[in-house]
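Please see the structure below; I have some questions.
In this document, chain identifiers A, B, C, D, E and F correspond to the written order of the chains, with residue numbering beginning at 1 in each.
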Amino acid sequence: MAQKIYVEELKKHLNKEIISEFLVTQKDLREGTKDFYIRLTLADKTGSLPGNVWNNAKVIAEKFNEGDVIQVKGVVISYKTQIQLTVNKIIRLEPEECDLADFMEATDKDINKLSDKLFKYIDGINNNYLKELLLTIFEDKEFYTAFAKAPAAKSWHHNYLGGLLEHTVSVTTICDFMSVQYPVDRDLLITGGILHDIGKVFEYEVKANIEFSVIGRLVGHIPLADQYVSQKAATINNFPSELLMKIRHLILAHHGEYEKASARLPQTLEAVALHHADNMDAQTVGVIQITQKMQKDGAVWSEFDRLNNRYYYLK
Amino acid sequence: MAQKIYVEELKKHLNKEIISEFLVTQKDLREGTKDFYIRLTLADKTGSLPGNVWNNAKVIAEKFNEGDVIQVKGVVISYKTQIQLTVNKIIRLEPEECDLADFMEATDKDINKLSDKLFKYIDGINNNYLKELLLTIFEDKEFYTAFAKAPAAKSWHHNYLGGLLEHTVSVTTICDFMSVQYPVDRDLLITGGILHDIGKVFEYEVKANIEFSVIGRLVGHIPLADQYVSQKAATINNFPSELLMKIRHLILAHHGEYEKASARLPQTLEAVALHHADNMDAQTVGVIQITQKMQKDGAVWSEFDRLNNRYYYLK
Amino acid sequence: MAQKIYVEELKKHLNKEIISEFLVTQKDLREGTKDFYIRLTLADKTGSLPGNVWNNAKVIAEKFNEGDVIQVKGVVISYKTQIQLTVNKIIRLEPEECDLADFMEATDKDINKLSDKLFKYIDGINNNYLKELLLTIFEDKEFYTAFAKAPAAKSWHHNYLGGLLEHTVSVTTICDFMSVQYPVDRDLLITGGILHDIGKVFEYEVKANIEFSVIGRLVGHIPLADQYVSQKAATINNFPSELLMKIRHLILAHHGEYEKASARLPQTLEAVALHHADNMDAQTVGVIQITQKMQKDGAVWSEFDRLNNRYYYLK
Amino acid sequence: MAQKIYVEELKKHLNKEIISEFLVTQKDLREGTKDFYIRLTLADKTGSLPGNVWNNAKVIAEKFNEGDVIQVKGVVISYKTQIQLTVNKIIRLEPEECDLADFMEATDKDINKLSDKLFKYIDGINNNYLKELLLTIFEDKEFYTAFAKAPAAKSWHHNYLGGLLEHTVSVTTICDFMSVQYPVDRDLLITGGILHDIGKVFEYEVKANIEFSVIGRLVGHIPLADQYVSQKAATINNFPSELLMKIRHLILAHHGEYEKASARLPQTLEAVALHHADNMDAQTVGVIQITQKMQKDGAVWSEFDRLNNRYYYLK
Amino acid sequence: MAQKIYVEELKKHLNKEIISEFLVTQKDLREGTKDFYIRLTLADKTGSLPGNVWNNAKVIAEKFNEGDVIQVKGVVISYKTQIQLTVNKIIRLEPEECDLADFMEATDKDINKLSDKLFKYIDGINNNYLKELLLTIFEDKEFYTAFAKAPAAKSWHHNYLGGLLEHTVSVTTICDFMSVQYPVDRDLLITGGILHDIGKVFEYEVKANIEFSVIGRLVGHIPLADQYVSQKAATINNFPSELLMKIRHLILAHHGEYEKASARLPQTLEAVALHHADNMDAQTVGVIQITQKMQKDGAVWSEFDRLNNRYYYLK
Amino acid sequence: MAQKIYVEELKKHLNKEIISEFLVTQKDLREGTKDFYIRLTLADKTGSLPGNVWNNAKVIAEKFNEGDVIQVKGVVISYKTQIQLTVNKIIRLEPEECDLADFMEATDKDINKLSDKLFKYIDGINNNYLKELLLTIFEDKEFYTAFAKAPAAKSWHHNYLGGLLEHTVSVTTICDFMSVQYPVDRDLLITGGILHDIGKVFEYEVKANIEFSVIGRLVGHIPLADQYVSQKAATINNFPSELLMKIRHLILAHHGEYEKASARLPQTLEAVALHHADNMDAQTVGVIQITQKMQKDGAVWSEFDRLNNRYYYLK
């Protein structure tokens, strides 16, 4: 496949024909005065622009949907001072034919180093049942591939490829730190840090953007993790039921409050600790994401953060 | 075993020795001026009274705990106008040796009729997967015995033996009614009505009183039901994953709001309907329990209902 | 009057002159570069479109207001791919000159059958005072005409012509069902179901759309019903004051919580029951309205329901 | 009737027989070791003490209830350092036979001066309809007697005899002040100040203590005032419906927020003003009551005010 | 400087060149098809309009920022029926070169009369420490100039030049009134009324619009006032620490509730009183501002007040 | 002074005369049947017991108050199986005459090591202004003595002698950890960690128990710290105002939410981080205190934690 041309580079190709891949975020078949046409919004991780398909619109419109990645052949034009694309040809791509990293932000951390850290934490666990449970889960190649790619959110913190792995390692690092500061059961807390959000592997559908899966909305990442971990524990000989109950509690209570959709309130010291570790990382990284983007612009204040009802000072 | 003498009958035995069974709700080994003695609170479903063990207290105190049912031999006395028991001998009973109905309130409905209704609802389901799932669960004798005995709550509505069965049949009856009124998927809604609270079988420990089990507190009846139903569905050939997801959603969302510890918000019409059926029965029966007890006293107003911040008018 | 041409049919009349009636939802007299013109939004129950009055705008603008229904003579044109109306002549219609059903959604239930059901419920009441009260209210022709036409809301559930009657019958049916399930005073509960929302007859002004009346906003349907019912009861010989007080309580408390603008908290068993009957019907039908509209489009998820903070799954 | 002896004076009569009147706040018929006896709590506005009826208890217990005022003949004794009354004879008194001011706190303001102020405000109203409405209400002797005696609350602010009149005059004075500061309709606001709480005349039953009446709990003072005022307005020729609507709105909205059981939100400038006048007086006087009582003790901090979650500094 | 031409007057100058001063509320340097141009929004207190700089855009764009007032030379044109300005020359003005009253609303009260009232209240204080503290603060010319110009808010009530002085005098007048009604320490309450919002002098930056200053957002007007008053008190010989503590409490607690960003809850009678005085004035004037603007239009209802979740009736 | 005898040791001295020091937590002068007597509750960190002064009560009662530490000479007796003290002589002690550690719990950490850690963190700060500010504050001997002794709370977490120092070091350690994990300004965050709670030095009065000081209640530890730090910064040459503003923000915003009495919302990355560090330590240690006390008893569940609405599992 030819080198991808990013949205932000298109103005260099004004009035020329290009071939590139874009995510379709909007698709409208409209009736014009003479004929039907398709109005598109095409995007990649550097931005988005309008596109129009003037010929054969009805037939072409059948070939793809919003959310698909398409290969486009078209001419870059300028209309009312705005860059647009007059599209002549469209080929729909399968997910495996395109590089997600072209369309979505990804962690700027090194995935391999994050994986190494994760497995080192697993390796450092003394309780054999817990270590076997973690290895059973994370040595499953198919699962791990999905896990390492998954975002930790659709919006707010870590909402990018690899965000789940990054967040998991970061929370586990905080748990490790806390196990030195406070009289907690270190093995249990580290296990909780590693497992608390694994349900997010199933909660999102990551094609060229992040969407909730149907089961993600109807069941949610907390019961999904609860069930996944229980099933894996059931495959281990004599896994102590008391220990499994404590791990389930860590997962079910990690959101901390019912108002924040926690399935339980934290009722063990480790569940309290895990909740604070998770919250610290999520909130801090959320604010870092907001403020770093703005700092590049030289602004004094961030845009208004509706979720938290405030502006952030950037100087 | 001799005929049980209830707490409310003891005054007829003043200054006589009796033998009867009581639940120990309080046990205090205290140091008196001369020797140790045990201060007890003994209870059955008709009331409670104090008891004292004056002789051999240290040894006897080892034999039983709060929450146990004991057979007591002792003398009924009157102290400062209050009936008490001077206890001379104590035998700890195993749960299976005593009749729970002596110690706890039970539903005044006919258990067999409730069971018949339940199975009739199961029988009326058209979808074979759903019917098989329900039969797999409810034809398990051991499970059904626990289910038919379980309360639906520790306090508030249906907090008595058989309360869970009574509440389940009542909610299912409302679901049946709703399926005539509204364009819902009847099979799904009936299934949801039947299954929504089965986690409560595991949430409470019913000995001679109702207590939360450890797993009841740490995992809770909603994830417990979610998992129990998922495991049973896994034993059925080709159980459709879409259908299982919808049932799980019914269970996970039936509390309706995060603030009320719901694991999900109702996102299907059936989940909305089930939440209202459950809420209607729970709240209405809760108020019936409060007001009926008071009406016997001829009072005009109930006692203050702290949970709901009001009095009830009884005339 | 000629056959109404609906908004959704206008494209068939492109570039032709038509005569039809529309509701004016927006009216702007604007100063153009040469002369004043009027920019309109015209609507009926099938949709809306822009219209322009280019000639004699200042004079014509005096003749009607937003909220009026007007008869329009004009040419259907296409401007930037969008259908518009170039309006040449306008006649303002009196409410009684136009058919509300052209402009607003109406219940798809049969009004006569709903009325029959309502009167059958009244007929089944044993308490003569209650029956006489209900007949006094509902046999008043003028009142009943308004009642049978009224919506039950401006937005959310039953927000269409006949919605109040439909909702009233549905809530009363639930009350009837509950009176079999629970030890309630059936006559009282049925009366409450029938009367609880009658204040809405005065709360809305239904012209060609639904608006709050001034008294609807300043006094509200709950005190309006409280007063209407009290006045009617005062016309009945020896109507028991205790009974009136209970009915007033049913009306005043039916919203259930102060936060939801209830004037009282439910403090009788019947008031608790009525609140749940009302809430069940309102919420369930609200979700049915949202999901049925979407299901026609073949969507998987509904649009976001801001009021309830969720999407609904449509499959 | 002989001079009343107050609870706080009883210690001067130790071991002597006295005759005096007390409010019965608790009455328990108990079975003693030999015979039945009655355990009483007797109170007046200076305090309370225990009393016992040892002879003929079963018969005497039939003669009065909690909430009654009784004339007692008995001996003042000291038991475990505490003053008690051994009661030998009891006569139940009718409300009109006793002086409420012996049993309940009363305003320390002069009732006649408060009444004068109230009627001066009525006199100063220019709008004849409003003036006539107010005179119709307040020149009704029976109503005014009840009004001038009524408390404004059961607990919190102005919870004493005459409290409603005192609060009404105070709120009206604030309204008068506001009508100079702000561009409000003075006649309307003064009328609102005078009428806003008149429903409290019916909300409480004032015998020898303050209790909610049944209609006070089931209908509440806001709808009671709404209806009372509407009925009185209906007796006035041509009372403008727009004006009545505005007065009703003032009454219905004066609590300001739904959470505080307001039937409407304030939607006119006068309703906003009235709410603030009412709130200012209620809260300020509430705190004055708490702090003045404590200041007599020389304490630095008041007791904890649970309702408002704070202590008050008294220096 | 030539006479200012206001935005609402520009249509009289259609197709003519004008010179006037405007506030820049938006500035966008855009790349056109041929060259860069600047897209502006220009405003004064009578409205706003778009402006375009077509020539030398890159250089001119360096000379000023959003929030600046500029002197503009340009031609008034009409584009798509809308008035615009084609800007030919721009001179940035220093704040002291322009009259803020051209760009912002100002109080319609007489500033001198308000000042007189304020100083009369100060003069009427008996406690010499309090009087000296107030004089130390308000006789500082630089401070007073800023104080008399400051708004009391960015949006909602008193959000105009002089609004802080107007609000301060109004709240102090209410405090004066309350000191007659209630047994408060008048000197203290008057002092609290005068000082409670002085932190707003530092909270806003008033150039040609109202913006929060950085310290206004990060520290806030309450701690700013707390510190300013404490520093001034420290310059007075032997200022009693108990008295300073009470003043600080008045400032820190005047928002009344933590949810409304109060630093303390009111714990003295004067703090309770001040909170109600402040709230009464802020809320009443807020509604007056909303309703007066609308009443000029002859509307029946105000626009929706999102902050308070209601419409206001204007008749 | 003789060796202190603790409350828990008194039973060994039954019927003997002892001399020891106790905190008076309750003092009641009561009128007995013959004479006045004083009823006391006497306490130290091991428990409390009743005491009685039978002779010369009126005179002795003048000599001390609740909250004082007194030296007591008296006889240990047993009354109704309970240990009491018959007090014969009382000497009131000045705070400096008694060892607080006898009456209150204290941190089990080594104070000197905590101090070393604190000064090492100060030493590691690169910004000279911040380092000088911290040294100015913490090298003040009188301040440091109070700081090292102060508790961090009256109830909940770290409510013991030295708790403030322990909590400060712990929060600073978390800040140090976070400065490695996240792109924060380390010097600023460490300074925030050290200073955030120093207002608590003035918020509590620590005599032989922990009480809020008057200024602690009326001004609170957040404005107290804000002012203390500002005053100290003012003594440093050219302390940058921008830097001071950021430190003030850290202090004012560290409670995180208005509902939790924060004076500001965190609006810088460091303020967000500090809030989470503070919260993590406070909540985790709060739960550790609850659970550790219970674990000694061998209980399965802690007592109910009302503040957080839950039990904790102790196994």
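Quick note on the criterion: contacts are C-beta pairs under 8 Å (C-beta built on N, C-alpha and C of every residue); 3 or more make two chains touch, one makes a residue touch a chain.
Since the model is a prediction, treat every value here as computed from it, not as a measurement.
Any chain that touches chain A and also touches chain F is listed here: B, E. Touching chain B and chain F together: A, D.
Fitting chain B to chain D on C-alpha positions gives a rotation angle of 120 degrees, to the nearest 5. With D-E and C-E as the two chain pairs, more C-beta contacts join D-E.
For chain C, the chain with the farthest CA centroid is F. With every chain reduced to the mean of its CA atoms, the largest distance from chain E is reached by B. Computed centre separation for the pair chain B/chain E is 62 angstrom, with centres defined by C-alpha atoms.
Averaged C-alpha coordinates put the centre of chain B at 44 Å from the centre of chain C. Touching of two or more other chains is recorded for residues 214, 217-218, 249, 267-268, 311, 313, 315 of chain A. Chain pairs that touch, as defined above: A-B, A-C, A-E, A-F, B-C, B-D, B-F, C-D, C-E, D-E, D-F, E-F. Interface of chain A with chain F (complex): residues 170, 173-174, 177-178, 181-183, 242, 249, 265-269, 272-273, 276-277, 279-280, 283-285, 287-288, 291-292, 308-313, 315. Touching chain F in their complex are the following residues of chain E: 214-215, 217-220, 222-223, 226-227, 230, 245-246, 248-249, 252, 258-261, 263-264, 267-268.
Here chain E touches chain C in the complex through residues 11, 78, 81, 300-301, 311, 313, 315, going by the rule given at the top. Per the touch definition, chain F reaches chain D in the complex via residues 30-33, 214, 217-218.
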